[in-house]
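Okay, here's the structure, questions in a sec.
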């Protein structure tokens, strides 16, 4: 039933149309297609209903698989790891070659890296979005900038890692450090921030801008005093999403900010740190006792999930409220 | 008054300069990839590097052929695409065409949260739970293989495919749906024959971006693909896609060594893969801009 | 009398959520006649029209009470097949909404989705429908061209052809000429005149001259109520109700 007439059958439309037209002039009394209209056969109707039910079931199933996957992953992490979570786990450094103890340096390191990333990306991202939404006129330049942003968003995370290693760590001599890691993560988060900021700017009604401009305010005054304040909640939602994404990334910081093991907490941005995602990877693949530290791996994963999904959930709820308010 | 105009012009210029930062970063990324990657071609020819079947970067003499890594990346992406594209598009159709608003208000955040799961967590899940399961059920030497990695990657690209497709489907004018329904088409007929064709360019973009995400994803293939730098013979062979190779070996490759250069050169290849995907997606999105409501 | 009623609304109430958009509408439609529904914006005329082929079902929060019958059968009965109903009661919308497909495919669409695959028949029917909609001469040489390349007036006549192709019994038109220029409007009006030989036509319009020109029966809606319905000549020359008179004489706020 899905099949339509192949286009090739219709390529000679003109000739077909005329051949039909010709005999009709001669034979007026011939029954027209209108008179012979067959209607919908009940069998056909039953079949298309059946097909629809089957397909709708498939669509529903596809959507359900997403939910099931999320639940299964979270369930297994929590079921296997909740015993590892304790006050000591959250507040102690790893001990005995990382087979015991906690993950405090990882938590601190991840917070430093992701907050650092957003400190780098937020101002640049907001300014870029302001240019694109408020100043730029459509044209080649804007198209080029957008192409740059889209392609930056598509660069694989491990390539960001390579870039950070070659540029920040080696050339700028930052070494493996919070600074190098945060800059790398910041570069990676930039497209996300630009996207969400633009979205937020778009949601500010044009009447606000017109009112302000009509009162004699300059464009910049309008942006600073009218547009940005009303877009701020949306921008911050995007920032939270950016932080959470940066916190969960591993590949960009493997060579730039995070190390295998360092029990000290960082005191400067040029210190190297441990990070939650890298810690999971290390314990699960290269630790001294992979099987023995399973509970630590699960525990670390839970902490990371709670951190990342918590921030996301916060952003989603906040955004939903904003939308409701706007309506 | 002149003062205000100067400020105005300065601000405008400032924002423009900052807005080009993305292009600047992209340019720097390419610059450094080439700077650190091209020196390997003093040792190996481009042809031998890309089509060489042997990747033994640390043996003596070393072999720098990444063909099996490229094949692994392509295979993993293709298999994950075969799973993620139907699931992602079908979920998008469900969300925008079939589900009651109340249901989609719950399912949408679920998809977003799935997208937010850190890749290392998904890799870890594939490693400790899916791998032993596959090994037992299919009686395999290892559960860390092409299939497992593709399955995990699929769940990372479904949210991308789903959310972009959903936007595309959502922007199909309601008037077209009404016209179809008013002619006695069923809802499924309307979806298949009107809604999906009208949003096909957006859906294609979504699919390409989803695949692009899969080809560049690192942690999952690093932890789950098995790591063997060999051409895969079956769905259950261990493989070593490009990102996995880079991530696993960078720590032990001394800066400035041939191995280090070779890994950057692999990065160039990977970068061009995703660049290609993105340019294709961008072209489709612009050339076949979606057909809106009939204009007068 | 019964034989002359094609469609009929009985005590019809319609709700958008809590809001009651239609209040107890009672009205009959005779076959092969043009009925115009007039009234100020928001009076419920379009809502009523969309009840007649259950297009409002697409709005999740809507609710209908009362009956609408087609050939004596309640179309809101639980065993009624909405898809089949809509094939019998076709619709032309306010804005031309051709599919982004070829002209031929637009008209053939309704036949295909209803399982008619006989190619010769489909071709004949497409041609016939395009002729009926008075657009055949303009498009016969470019049936494979995109429908979006047509002018607004042509698009609307194409949409009419598309609605006619499935041989509906009733054609609903929701301000079909409101987005068109005067010449295109005139063509549509002439077309409506011809079509009433075969079809029962119900047309919503905000243009009273148009209602006077094309319709046999006119119904005046105000604030979700049917104020008055009757022969068009009588409604426009001797309205029984004050509100109707105010509206048609333009004395309406």
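We just call them A, B and C in the order they show up, numbering each chain from 1.
Convention: a residue touches a chain if its C-beta (ideal position, glycine included) is under 8 Å from a C-beta of that chain, and two chains touch if they have at least 3 such contacts.
Remember, it's a predicted structure, so these values are computed and weren't measured experimentally.
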> By mean C-alpha coordinates, which chain is most distant from chain B?
Replying inline: C
>> My parser should flag the chain pair with the most contacts; which pair should that be?
In response: A-B
> Per the centroid of Cα atoms for each chain, what is the distance between chain B and chain C, given in Å?
Replying inline: 48
>> Rounded to a whole Å, what is the gap between the Cα centroids of chain A and chain B?
In response: 12
>> Using Cα averages as centroids, what's the distance between chain A and chain C in whole Å?
In response: 45
> Of all the residues in chain B, which ones touch at least 2 other chains?
Replying inline: 184, 186, 189, 193
> Counting only residues that touch at least 2 other chains, which ones in chain C make the list?
Replying inline: 83-84, 87, 112, 114
>> Residues of chain A that contact two or more other chains, please.
In response: 1, 4, 40, 48
>> For a test of understanding, state which residues of chain C touch chain B in their complex under the given definition.
In response: 53, 55, 58, 60, 83-84, 86-88, 90-91, 93, 95-101, 109-110, 112-114, 148, 151-152, 155, 159, 162-163, 165-166, 179-180
> So in the complex, which bits of chain A are touching chain B?
Replying inline: 1-2, 4, 40, 48-49, 51-52, 55-56, 58-60, 62-63, 65-67, 69-70, 73, 76-77, 124, 127-128, 130-132, 134-136, 144-145, 147-163, 165-167, 170-171, 187, 190-191, 194, 218-220, 241, 244-245, 247-251, 254-255, 277-278, 280-281, 284-285, 294, 297, 301, 304-305, 308-309, 312-313, 316
> Mind pulling up the chain C residues that touch chain A in the complex?
Replying inline: 81, 83-84, 87, 102, 104-105, 108, 112, 114-117, 119, 121-125, 127-128, 140-141, 143-144, 167, 198
> Can you name the residues of chain A that touch chain C in the complex?
Replying inline: 1, 4-5, 7, 9-11, 13-14, 16-18, 20-21, 32-34, 36-41, 44-45, 48
> So in the complex, which bits of chain B are touching chain C?
Replying inline: 100-101, 173, 175-186, 189, 193-194, 197-198, 291, 293-296
